[in-house]
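First chain written, first letter: the chains are A, B and C, and each begins at residue 1.
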Amino acid sequence: MDFGLIIRNALRAAFGDFAAVYALAAIGLNMHFGYTGLLNFGQAAFLALGAYGIGVTVTYLGLSLWVGIAVGIAAAVLFALLLGIPTLRLRADYLAIVTIAASEIVRFLVRSVTLSDYTGGSFGLSNFADQFYALNPLDGTQYGIGPIQYTGRQTWVLLVAWSLVALMTLLTYTLMHSPWGRVLKSIREDEDAARSLGKNVFVYKMQSLVLGGVIGALGGFMLAISIQSVQPDTYSTAITFFAYAILILGGTARVFGPVIGSMLFWSLLSLTDNVLRQAVNAGYIPPSILDGTQIGQVRLMLVGLGIMLLMIFRPQGIFGDREEIALDAR
Amino acid sequence: MRRTRSVLLLALIGLLVLGGGAAHAQQDEEGESIRGTIVQRPEEGEPVPVPGVEISVTMGGTEVEGSPVVTGEDGSYLLELPGPGDYSATLNQDTLPEGVQLTNPDRATLEFSLRPNQSRPLLFPLGEGRERGSQFVARAVQLFAEGIKFGLIIAITSVGLSLIFGTTGLVNFAHGELVTFGAIIAWTINVLLGIPLVPAGIIAMLVGGISGYLLDRGLWSPLRKRGTGLIAMLVISIGLSLLLRSAFNFQFGGRTRPFAQYAVQRAVDVGPFQLAPKDILSILLSVAVLVGVALVLQRTRIGKAMRAVADNNDLAESSGIDVERVIGFVWFFGAALATLGGILLGLAEQVSFQMGFQLLLLMFAGVTLGGLGTAYGALLGSLVVGLFVQLSTLVVSPELKNVGALLILILILLVRPQGILGSRERVG
Amino acid sequence: MPDNTATSTLDGIAHEPGVAKPDAVLVADSVVRRFGGLKAVDVEHAEFQRGAITALIGPNGAGKTTFFNLLTGFDQADSGSWTYDGKKLSGVPAHKVARRGVVRTFQLTKALSRLTVMENMKLGATGQSGESFLRALVPPLWKRQEKAIEARAEDLLERFKLDKKRDDFAGTLSGGQRKLLEMARALMVEPRIVMLDEPMAGVNPALTQSLLGHVKDLRAEGMTVLFVEHDMDVVRDISDWVIVMAQGRIIAEGTHEAIGRNQAVIDAYLGAHHDAPLTEAEERQQLEEADAQLAAEAQQEHAKP
């Protein structure tokens, strides 16, 4: 086994485009679930709306990518409003059901034949982000530190994506140290108490839903730009579940939780992926037990198991403080 | 003006739009071509390729070389085109076999453009076309019967979901996996061990029920004793769902597989409906089981205890009911029913690793519609959802039939969040 | 009890359900709330005297808390209306009721566990500009107000003897301390009417005295106090006026001496006695258990190096 390669890949994954995209998705979820207590299981839809916002605007309407970004954000805001108005007055578990249903509706629609003229059906859309790459100031071919190297193009994507992550983290920090953030947290703890103190709970929940959704859409932009394509099945519930795993891993209601969680999550996935792949190729694992195509399934199993174990044994995340979470149980 | 309106439309992605324009596809091969496969997709069973269908392609009004292309034995066609540009392809509907037609006869002609080196798939979906007048009524009646069948399956699977919620407060996102698990167990016993489906199904229900019971004892019961919060448990159930679904995919594979018996049956006329014997049996069995469920809930000690615990956990406990024992039974009972639902669904649509997960949202829709936590609400709500899913294909394309059901779920929550049979106090 | 204007103005008022008060701040008319077929609340007319402490008592299931929930916008009445200071209060959403100066506490204390005691307090202040999303992004816009709020919160914490806990998570407080915190937090809203739902439930006797003292202080500061209590003995010391509910209706009103002699009240309590106490006892037990657990956790915390 080539451990050097395995570690190199794990490190690359920690700083890669997926880590940044999912960090954004999880920052949004942290706003929803971590700070406001909203069980949003439709985060995938916000990413999809961001991604398709630029995809459809550029390829179907022939407008600029920047208009696409505005369209994507508008779509995320609108979706949050559509979703929030009927459901934010409901109990947490109803919200979970409705959001997951809504995100599947979005996926069904963008992959449908009916809308395929706009969205490209199950094939999706591609090559709409040239304007983004045209702005690339990096003309070198290779950038990086030591063993972690990226092409100029990748570096440009990563630079922008991680800047967005930093910006959104700063935003979260500022908001959560303000009276606004205090109201959000009080709603998470007990919305009736917040109400009895004169807070318009519905408005705050809506603001949180919109803000977290738009941050998710930013993740969608970066995902679509990074691979220059959108395909409907990328935006299945798996994105949402991964984002939850990341959030819990890094610690909910922690400003840096999503970022650390995402970097760890993707390097762990890369690690298991590479180790398994090499073990299969080297014949350490006989093909009757595991063949190459099944590695993806093993990895999903591990994510599922990881969510369960973390939630059961370390709900505070791997760095979190047990005490604060213990207060939650009552 | 047109453009602004388009932008607005785009902002409404995920809402209702229809129209024409350009689409995109993957680039696979050198040179420009169109390709595709003409298949008929019956409600049940494998898609059937349709050979001998003519598709003519024109550019600027003149037919291109090689047109019309005719589909082969496997229903596929491939036509090399002279170069990139705008084309129009027309499926000659007279060459379709008797009883087969385009899903949307208005879309027999497709306009498309080709980029350099693009091999573009063109889809001509076949199905039961749109009829009008008396045919529409006949079709509605037929869909009604299918809706009843489907709704009953949802009902059987969601009784457990609802009772588990009622007794423990857990919103079990892994309930769909109980359905899949049951179907896979039945399939294994039936196909791999060669035992006929009926005894295989009974064994599978036992295995499924016991697994449900063990799942509660091994996982959920300890979590309840630790005082794990309901939201934490919900997230854990999502992890469990992902774990199990991937494990099924790992073990069972990604393909859909039929049971050894009853896979293909010819539909027979039953009054105004056309149903396969297995569907009729499925409906009768579902009704019998659901009546049985109602009798158990209404008449037996354990059933009354289940309802009591679901109604008010503390009160039941203080009146001497062993709540944990009842919950264990609920899991056994719910998982066994989920297994049965999985088998019936497998009969209707074959067994796959994600059949349960795909059903989960409809189960939630049914349960929410009826009122979370009430057993009878789940029955009623599921029937409505099943009917709605099937009947909605009268007006929307079948690929969108679940969208309608999920939209209804959201609308119901808007109007009557407590569901049809739920009481207002259940909503926080 | 020291000289008190509210009590004296209520002298000579007829002891009958729905009687008019000389200076009623809160007036309710034909309020009905049904749960299924059961009329949980069915109040024809009720008036609450400004600046007085009014106790709402009655056996379990009498509809006291439901009536409270209706008045404060936490539940929707099937019919009926009520006014505050002559202005319609029925149909007003809960948060607006609070902003108008009618603030309530809850039977099961709602301390916001994962917020510190100080954050709990600061949350109570109304009209905070930093609570608007956009202004929250620019700290200089709200820092000064925040300081003022903090100063006010510190005064109140001192008064309620919670100042040493200011930076602890509210979830680590004992049951009694939570009750104190909730009351102090309610005062941060600067209310005109304070509605306390069983403020003494699950609180040890020593703390009960201190809580009663705080309730009297509220009146001394000119606030109107309404509180729900199921135990008649508790209301004796502090209430200027007692309203008795049973089966959703007001069955008696008067001073506590008069109520103690009222046959209808005695019947209601005795009649309700055999089917009521189970859940009550359970609730107490739960609260005690929670307290014990908290104490144990606190000890563990201290034991840590």
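Methods note: contacts are C-beta pairs under 8 Å (C-beta built on N, C-alpha and C of every residue); 3 or more make two chains touch, one makes a residue touch a chain.
For clarity, every value in this text was computed on a predicted model and none was experimentally measured.
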Tell me which has more C-beta contacts between its two chains, A-B or A-C.
A-B
Centrality ranking, top chain (CA atoms only)
A
What whole-Å value do you get for the distance between chain B and chain C if each is reduced to the mean of its CA atoms?
51
Report, in whole Å, the distance between the mean C-alpha point of chain A and the mean C-alpha point of chain B.
27
Averaging C-alpha coordinates per chain, one finds the centres of chain A and chain C separated by a number of Å equal to 43
Note the residues in chain A that touch 2 or more other chains, in rising order.
328, 330
Touching two or more other chains in chain B are residues none
In the complex, chain C residues that touch chain A
72, 74, 93-96, 98-99, 103-106, 110-115, 119-120, 122-124, 126, 128, 130-133, 135-137, 139, 142, 146, 169, 171-172, 185-186, 188-189, 290, 297, 301
Help me check something: in the complex, which residues belonging to chain A touch chain B?
37, 39, 41, 45, 49, 52-53, 56-57, 59-61, 63, 67, 71, 74-75, 78-79, 85-87, 89-94, 96-98, 100-102, 104-106, 108-110, 112-121, 123-126, 238, 241, 244-245, 248, 294, 297-298, 300-301, 303-308, 311-312, 315, 328-330
Note which residues of chain B are touching chain A in the complex, please.
3, 6-7, 10-14, 17-26, 121, 123, 125, 171, 223, 227-232, 234-236, 238-247, 249-250, 361, 364-365, 368, 372, 396-397, 399-400, 402-403, 406-407, 409-411, 413-414, 417, 427-428
Under the stated contact criterion, what part of chain A meets chain C in this complex?
171, 174-175, 177-183, 185-186, 188-190, 192-201, 207, 211, 253, 323-324, 326-328, 330
